[in-house]
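Next, two complexes with subunit A in common: one pairs it with subunit B, the other with subunit C.
And then the complex of A and B:
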């Protein structure tokens, strides 16, 4: 029972970081129709930045903020290159983000080297039902829930958020209403960067991050995001939590070396099941 | 095959002069590349062979993504399958030539099997599933003892043809040349045929293609298997030439590299992938030499190659969205002052624009 609880909580926490990466995918895809393959770069840059800021003696809070903001700025830069040129086809934008993700490797290796880094945020652990659970896990879960609540308020209660949603549902009508879809797309990229950065700041204390950690982070985030067809942040949250818990259980009860793979197989099975229930026509129209 | 009504841009009916130029160029490239191994030194031959194997995989990527519109982010998986098939058979005493023939068959067969469930997915979903397949495959290979696990498969014997062992890199270069030629020929024949038009149709709309009688599911699986078989053949040659295989030799980045080559060269063209493979390999190799010079920091070569991939990819996509080859062809056509400029494609995915229409008789 205690093992079950500790797997569940650690799974939820890791799942939360997947969900944050995933919500970045969703935020960008909804507005721009671009799958941002540089999404894994944001958490990596944020994690690496925070680690070196803390190393220079900056206090907690400030270091994390710098990491997240930097990720947001990089998100904006990726957006400018990927969709800033008018008339760039979606597939081209997608492959451009892939290229920028690889370009980031070069910068990351020059600045931080190629060794994984980590740092500690919240020390200590608590006893729950006989299981020792580190406080960091609760911090991750709490921060994620607050972020998703804030995202919900942002999309439904603010003009900017509504403008983003408007672009997502009908860019043409949004333009008629005086909203600039490209500017909104760039905003979405910056938002994706911030969300990815937050994920990186939270996950680095749990799993050390190196320049090439982006593949696994992005793949997991993508798997979570695709759960809701890349269009719903809440489905992405559910997908992320499911994936995280699944991985934790597979690692705990079966074999730790297969955790990601088993989770991926399950996600693919779900995707194929979902695809078999949709008609070809409906997919091609959308 | 019915009349030459709808053929792809690269092989469509062209004015005789232009056609002759194309044929001449093709023959020139073929002869030059065939003679090249005679003058190259050992390290240049290695580059030649790796370029050739990359070109084979990339032609498959271009066929799959450019013509059939199916995205695969895990093509290196089939490269690995081909390599391991050939390597494993050879290590256990099977004649190497049989191993080399088995490589594309096993890779293609596996892709056919995997394709049955996976190709029900489209777009991003398919992209994810193919990527995930590669990650899963690598994880399994890393755990299986008779494949060498994470340490790798060592001691793969040299390739031998008709009892003659190929000891020199030169011989491997010619084997690679033949491989690329075979792959190009197969691809050319497919895209110029009726099934080729079916593929381009289903890339645009599966529903429309299905209702015009294209067996969509079967075609998708076959073209997926074929592109995997190309990768498998390349993997087989790679295995014999290098003599050592490990899961680390086939990272996800390698799959991306094949896509970069296809996109840079020109997705949905026959020769574009070859151009892309040559250009990218040469540039990366040059920078690699530069990065490993004394005085350079240890990370230089890695950093250089990442940066070059990335910058080349982004610049080409932004400013030459159809790829290098079509852009160059346009330039040449305009330089000779005749011929219309091919219409700019809306996306890099499909080039179906003038595939069903005969060229107007009044065009130059």
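And then the complex of A and C:
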């Protein structure tokens, strides 16, 4: 029972970070139709940055903030290169993000080396039903929920958020109204960077991060994001939590080295399911 | 107000507009009719700055807003939000984003303010599209296919609103219409666009008496024969 509880809570926390990465995928895809293959770079850069900032004696809070903002700036840069030029085909943008993600490896290795890093944020643990659960897990869950609530308010309550949604739903009409889809796309990339950065800052104390951790993070985030067809941040949250818990149970009860495989299997299952639903609909229509 | 001179617009190698010139005067209502594929939507999209002309010039004295073909609303956003976004260009001006300005002109929209625009009927959606364009406080309104897919009574209602708007605010209108009779009724002047060039122009009365126009756009009867 106590093992079950601790797997569940740690799974939820890890799932939250997947959901944050996923919401970055969703924000970028909704506005630009580009699947950002560099999405896994943002948490990695943020995690590595915070680790070295703390190493230089910067206090908590400041270090994390720098990591997140840096990830946002990198998101913006990826956006400028991938979609900054009007008329870039979506597929070309996608390949550009893939290239940038790989290029980032080189920079990361030069700056931080190739060893995994970690740091601790919240120390201590609490006793729940006989299980010792680190406070960090609750911090991750709380921060994620607050972030999703803020995202929801941003998209549905603010004028800028509505303009972003407008670009997502009808770019032509948005342009007629004078909304610049490229600027909105860049904003989405920056937001994707910030969200990815937050995920990295939160997960590094739980799972050490190295330059190549982006694969696991991006795959898991993508698996969570396709739950809502890459278009719904809330479905991505559900997908992330589900995946996190599933992985925690697989790791706990079967074998810890199967994490990526679980995400991959989930992606395949969801995609097959969505494809079968789509063909049913088109058969009904035709 | 609007002066288009020798406009040439291409899609790749295909020429969609080949030397189009037309004028709309202050507070004037002008019709543009023509068959499918003539280049009417291409023209308004160029006026709106969505397409870039190869050559020629567009001079607009004031603001132009477009009611696009097929309404092109933001279906998941509420009617009020659709309206608000129409004011994007002037968003920093006090009160510019307040959709209540439009409810005074199109009172029906107030009831639907909170409904997602995608759930409305075609006529209601066209009303939202007009309202959204009006949020930009245009001096000239380019309406692409006002009556497309709408029942006659709904069209009559929209036409009444356009007339009122023109009378009360002096908003000029460039009306693109498949229904030439409606267009000639509403507008004092008209142009005929065919395969990317203006083939006829003049007062609506003159045009509706012309045999060529009658054959192509009025179902074979000139207006005098029809009445």
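The working rule: the second predicted complex is superposed on the first by the 274 of 286 C-alpha atoms of A that agree within 3 Å, B and C clash if a C-alpha of one lies under 4 Å from a C-alpha of the other, contacts with A are read in each partner's own complex, and residues count from 1 in each chain.
Here is the rule we go by: contacts are C-beta pairs under 8 Å (C-beta built on N, C-alpha and C of every residue); 3 or more make two chains touch, one makes a residue touch a chain.
Just so it is clear, the structure is predicted and the values come from calculations on it, not from any experiment.
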{"item": "Contacts of A:91 with subunit B and subunit C, given as first, second, both or neither", "value": "first"}
{"item": "Greater subunit A contact set [subunit C / subunit B]", "value": "B"}
{"item": "Contacts of A:177 with subunit B and subunit C, given as first, second, both or neither", "value": "second"}
{"item": "Contacts of A:163 with subunit B and subunit C, given as first, second, both or neither", "value": "second"}
{"item": "Residues of subunit A contacting subunit B in one complex and subunit C in the other", "value": "none"}
{"item": "Complex contacts: residues of subunit B adjacent to subunit A", "value": "117-118, 120-125, 127-129, 131-132, 135-136, 139-140, 143, 205-207, 210, 252-253, 256, 259-260, 263, 299, 302-304, 306-307, 309-311, 313-314, 317-318, 321, 346-349"}
{"item": "For the subunit C and subunit A complex, residues of the former touching the latter", "value": "48, 50, 65-66, 68, 72-77, 81, 84-86, 88-89, 91, 97, 132, 136"}
{"item": "In the complex with subunit C, residue positions of subunit A that touch it", "value": "159, 162-163, 165-166, 169-170, 172-179"}
{"item": "In the complex, subunit A residues that touch subunit B", "value": "35, 81, 85, 88-92, 95-96, 98-103, 105-106, 109-110, 113-114, 215, 219, 222-223, 226, 230, 257-258, 260-261, 264-265, 267-268, 271-272, 275-276, 280-281, 283-284"}
